[in-house]
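Going by the order they are written in, the chains are A, B, C and D; count residues from 1 in each one.
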Amino acid sequence: MEPSRYASYQQQIFRRGLAGELPPFTVEPEGLEESARRRLGPGPFAYVYGPAGAGTTMRANREAFDRWRIVPRMLTKSTTRYLATTVLGTPMPAPVLVAPLGVQSILHPEGELATARAAAELGLTMVLSTMSSFGIEEVAEASGAGPRWFQLYWPNDDDLTISLLNRAKAAGYTVLVVTLDTMSVAWRPSILDKAYLPMLRGTGIGVFFTDPVFRSQLARSPEEDLDAAVAQWDRMLGSAGRAWDELGFLREHWDGPIVIKGVTHVDDARQAAACGLDGVIVSNHGGRQVDGAIAALDVLPEIVDAVGDRMSVLFDSGIRTGADALKALAIGAEAVLIGRPFAYGLGHAGQLGVTHVLRSLLADLELTMGLSGYTRLRELTRDALRHQP
Amino acid sequence: MEPSRYASYQQQIFRRGLAGELPPFTVEPEGLEESARRRLGPGPFAYVYGPAGAGTTMRANREAFDRWRIVPRMLTKSTTRYLATTVLGTPMPAPVLVAPLGVQSILHPEGELATARAAAELGLTMVLSTMSSFGIEEVAEASGAGPRWFQLYWPNDDDLTISLLNRAKAAGYTVLVVTLDTMSVAWRPSILDKAYLPMLRGTGIGVFFTDPVFRSQLARSPEEDLDAAVAQWDRMLGSAGRAWDELGFLREHWDGPIVIKGVTHVDDARQAAACGLDGVIVSNHGGRQVDGAIAALDVLPEIVDAVGDRMSVLFDSGIRTGADALKALAIGAEAVLIGRPFAYGLGHAGQLGVTHVLRSLLADLELTMGLSGYTRLRELTRDALRHQP
Amino acid sequence: MEPSRYASYQQQIFRRGLAGELPPFTVEPEGLEESARRRLGPGPFAYVYGPAGAGTTMRANREAFDRWRIVPRMLTKSTTRYLATTVLGTPMPAPVLVAPLGVQSILHPEGELATARAAAELGLTMVLSTMSSFGIEEVAEASGAGPRWFQLYWPNDDDLTISLLNRAKAAGYTVLVVTLDTMSVAWRPSILDKAYLPMLRGTGIGVFFTDPVFRSQLARSPEEDLDAAVAQWDRMLGSAGRAWDELGFLREHWDGPIVIKGVTHVDDARQAAACGLDGVIVSNHGGRQVDGAIAALDVLPEIVDAVGDRMSVLFDSGIRTGADALKALAIGAEAVLIGRPFAYGLGHAGQLGVTHVLRSLLADLELTMGLSGYTRLRELTRDALRHQP
Amino acid sequence: MEPSRYASYQQQIFRRGLAGELPPFTVEPEGLEESARRRLGPGPFAYVYGPAGAGTTMRANREAFDRWRIVPRMLTKSTTRYLATTVLGTPMPAPVLVAPLGVQSILHPEGELATARAAAELGLTMVLSTMSSFGIEEVAEASGAGPRWFQLYWPNDDDLTISLLNRAKAAGYTVLVVTLDTMSVAWRPSILDKAYLPMLRGTGIGVFFTDPVFRSQLARSPEEDLDAAVAQWDRMLGSAGRAWDELGFLREHWDGPIVIKGVTHVDDARQAAACGLDGVIVSNHGGRQVDGAIAALDVLPEIVDAVGDRMSVLFDSGIRTGADALKALAIGAEAVLIGRPFAYGLGHAGQLGVTHVLRSLLADLELTMGLSGYTRLRELTRDALRHQP
């Protein structure tokens, strides 16, 4: 196994600095958000940032990390670090995935294509959203040899669902991520204040508009009658309640691993295991769905303890630094997903911006791991941490 | 029972956004307060905002919600939500009432009339304050078929009290809410700094000035001698201490349900039950009376546990979002009252402003309930929450 | 016993407001500090405000109040409140004293004279500082019939000490308050940054310069040689360590009650009781002496429990509102001392400013007491509170 | 033993104030940082300030002090304070050392020379960094008779290591401080944003460039080929993992006491004791290495308890005030190291600036100790504190 070389990004920044060149934009976690606010303008920024309700869960997600403290070990010869892992059959150079985020063309004209190229450049797995601005196949092509998973917002229509799954399989997406926490979009004040979701319209809804089943359901093509296509899209995605016993349908039409995203109750994780699912992503959608919900990190330990021996547990919601990732991994997550930060990077500078953000996070993670005294992922256990409630 | 359709307000905002129309004003809870500060000017804003003392209880009210976290459930088929309920005989499309607030003409010329129309538009119960700028009957007429309760600041004079009760009954108010925590106005620095209460004078004190008993006690009518009328009003409302054994008087003159408002001590709730009252509203007046008082939400569990099986327990003080309402309901409140937010809405845009605020809160509540995995109010129990002290 | 009429100050402000007259300056606790910062200018403001070190204890003093919450009672007929009490033989209309503060002429030309007049106007006890700008007798004259205590910074010189005690007795000061926590001034950055203590020089050190013993120790009078007088004053007040067994000297030369101020360790309180002292003032000098010291309120309960049955326990450090005072009293303090707020009032408007601040606090206290359901001081026990650590 | 006279710095500031002279710059801990931000400009400021990651550990270091509160004792005759001590054979007038900090010429042209002169002026021990801008011998000469310790970043090359140790011994450095927590520089966003480490290049790396072994390894001298010299330096300091069993090498080549710096895990401290080391410095590098790491003060008690009877335990990370130092000493540290504050002083005004900062801290410490009731260091135990988690 090759050791990681992410830390070299730090050296690269310093070397370029000698030539008078600064990083493309800030690497400070809070500074990045402020910079994105200025760069993107209020509407697109709100699209990424916009928490549900009063933002209490978004903040709670961050504060939960402060209650776990790393206690570094010295003299462990941890100068070489191995971050590579395999999650649900997908080899990963580091336990970090690019989280699904829809309609990325709001942030940059190249949208998901830029993100896919950036992820592929680093060998990271991109999770493509059902709400992608670009079609499943286009993004797969941009991903090239890069690993990719497909995230599903489960449509009301079985034929359309099957079509999406088939297209994803055909395009090389290996794992299906079913998002459960967003049967409808939550009340997100900062987005509502700007009436921002209609911007979706201008940016297109690539996955659907390129789908043969979806198109076959329209009297006229989206190109001819955009309004009717959007209305049909709305109906397809409209809130169809789903139940545990319906998951069999997905299993039937998807032969790879299936993961559910949005789990924060331990009994739901147990149910997922009982249903034979392959994994859960502990997530509260970055505080964008149920405001007042518990911090995702606060439930990670109990979910790992309950089902970690039977299925993959991944973590999403609040990761901003290498230390955050290390804490989630040490608690027991197999990998973590990065959301807002990469989106801010995309908004700053397209593919280059996403790469800059991801490289920074990976460098930070590798350095933090080594400086904490660890060489291999499997050494990261709760013994590396102290809980300070 | 009809499912709720409050969530459609979100869709409506998005649809209007397509036509380039923004919401009338912000739906961000903190933004609303800041916007009201600018819109209303210092005096009227202080009237609504103004906490007692140093504002510690006002802040504590909000912080208490952060100690209860929702733990959403997935795949429960909660796309259809039923929020309708009946509280003390009053059918409510959702367990949300418009809290009593006096002298609303300080905020908008149409004052309580606008609020009554907005509440009626949504079928919500308005609790009319004894200190209404407009007469009991006028507001009832504005309410139309809308449900209405009457809030009593208990005058010193029995004849006047009986007159008020009779008028309220005649005008269709079905429940009597007796506010106990305000035998006099507290020390509210932000109001005092602007010497603001005298503005009451300019706006009139409709309930009293339209009362035959009150008028009969004056040598000259309020129209002829405002000073004397105000002085008499002051005497009538001046701090008459009341005791538990006097509640029988109200029972004698009011044949509908009687609720007391301002209870935060569990023994007071027990006493209320022992007295045969029909309900208590757990409230500290939004932190406007006793600064340093315990957060209202902090005492809700013990009061529900002590008397919830014998009487209605409602909650007031600090509700700003759908998640807040859901938490209070899950702890055991039958319904919640909304104060400052609707008043800010009134100050922004009269009836339309109140409607906008209430629709936003109801949409948020319905969405939060569904996204948390719940379909019916009775499913909301403390199992939906985790307490994180 | 007469009921208190402090709440009428609220009515007075409102009445004056009808005539278009605003309060002389803000009654908001935090606003008062900010207003004083602007009004006084950096030097004099720092003199009053300036905490020790990084200000952590000053802030801790305030935060400690938040951990005690009032749980108001309803329907107790508490419209009439009796605040009068007697502490160490001094009748007080309310359990509130004006804390000792030196060199008040830094804040206003009339300094302690204005403060004495304001206290006397309200019947409150003023505690005159050894470091008063004006002589003991002058201030006594300004106090008139008003009750007064004398605070001692214990000089190195016995003759001078005896002289001060005799003058205080002769001038009608009834209780001796010996401040223990200030054998030297602490490291107070905001004062040091402005090299501010030298301003003492310009304002004179009245108590000493008017003292016959002090003058007899000078070769030339202060009027002739200010430098020498200041140097002598410095020597007299310079840090002479004192021990418990020396307190007998004070008892020998003072026949009234003796109280020590600056106690926060329960063993020191026990020692004080064992020495036969009459009282302790639990205080950390408002966070102006030992930064990092425990909040004064945090030690009040244990000190009350340890010695409250044998001696008077008073409280100082952090009182800003009526609720704060009520909490200290309910925990078991016989009375509280008010420091910075009255000094800010003095800086704003001399005697009128002190009166305004004290009346505001008393009105707030009386209203808070009544609205919490209490009529008499003796009803205020820890049952009125809940501790929320 | 002579009593300390540090408190006189307070008097000196006041005396100078009489002549209209203000302190050279602020003595407020937070103000100092803000002032340095303005004075130094973004790059040099970031060099000193720059925390790892999101700065959570830097802030946690400070917050940990708030959980320990001093409970002062009265009437202990603590007007005379003895701060002198001996740590690992080095006599110290106070238990305070100047922490190692590299490349101080970034902050002031005289860099470590100015710091050495300031430390020597006060008799304090300076810990010279391996990364000093100036050579080991130059700084020793500037130190004169002042005590000095040498901090080692352990090079990859044994000959070079031996050369550094020999030079340090020859130049009068008595204790070897081996920093373990920085085998490579962490991800420090505020430094990376300014690509600031290349500034090292301009300022030279004195210790290495003056080293005969280092020079012998170069084809051309640093004066002739700076790039090659920097590259070689990079290789020498590049991350060679070290293990516990390698410490014997240092013992072999250093006959004085050896201390390791950067320990926060109690088992590492035990291991150090088992290895026969002479001391540990509990430190997380001021939050500059592992963000998310536990606050240094939070682990001090357990490390003192585990190894304090067998080796010297010193403390570093977060000391800003005299109270902070007193708390660390009372918990059981033999001495504390001061980092950022002296560096800010250096940046403000060279030697004078360092002296001003150190004198201020020592005055604060002495005053705090006396005002807390203590005369001698050995009286400072945990009984002086209360832990408030």
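Keep this in mind: a residue touches a chain if its C-beta (ideal position, glycine included) is under 8 Å from a C-beta of that chain, and two chains touch if they have at least 3 such contacts.
None of the values given here were measured: they were computed from a predicted structure.
A.B. asks: Among the chains, which one keeps its Cα centre farthest from the Cα centre of subunit D?
C.D. replies: B
A.B. asks: With over half of the numbers shared counting as same, classify the subunit B/subunit C interface as same or different.
C.D. replies: The interface is built from different residue numbers on each side, given that under half of them are used by both copies.
A.B. asks: Roughly how big is the turn, in degrees to the nearest 5, that lines up subunit C with subunit D by CA atoms?
C.D. replies: Superposing the C-alpha atoms of subunit C on subunit D needs a rotation of 90 degrees.
A.B. asks: Taking each chain's centre as the mean position of its Cα atoms, how many Å separate subunit A from subunit D?
C.D. replies: Spacing between the chain centres: roughly 42 Å.
A.B. asks: Between subunit B and subunit D, what is the separation of their C-alpha centroids in Å?
C.D. replies: Centre separation, subunit B to subunit D: 59 Å.
A.B. asks: For subunit A, which residues are shared contacts with two or more other chains?
C.D. replies: Within subunit A, no residue contacts more than one other chain.
A.B. asks: Looking only at which chains touch which, which shape fits best: line, ring, star, complete or other?
C.D. replies: Topology of the interface graph: a ring, with each chain touching two neighbours.
A.B. asks: Kindly provide every pair of chains that touch.
C.D. replies: A-B, A-D, B-C, C-D
A.B. asks: With touch defined as at the start, can you tell me which subunit B residues reach subunit A in the complex?
C.D. replies: 7, 10, 13-18, 21-23, 26-31, 65-66, 68-80, 320-324, 326-327, 360, 363-364, 367-368, 370-372, 386, 388
A.B. asks: Applying the document's contact rule, which stretches of subunit C touch subunit D when the two form their complex?
C.D. replies: 52-54, 56, 60, 180-187, 189-190, 192-198, 201, 239-244, 246-247, 260, 262-265, 267-268, 271, 284, 289-295, 298-299
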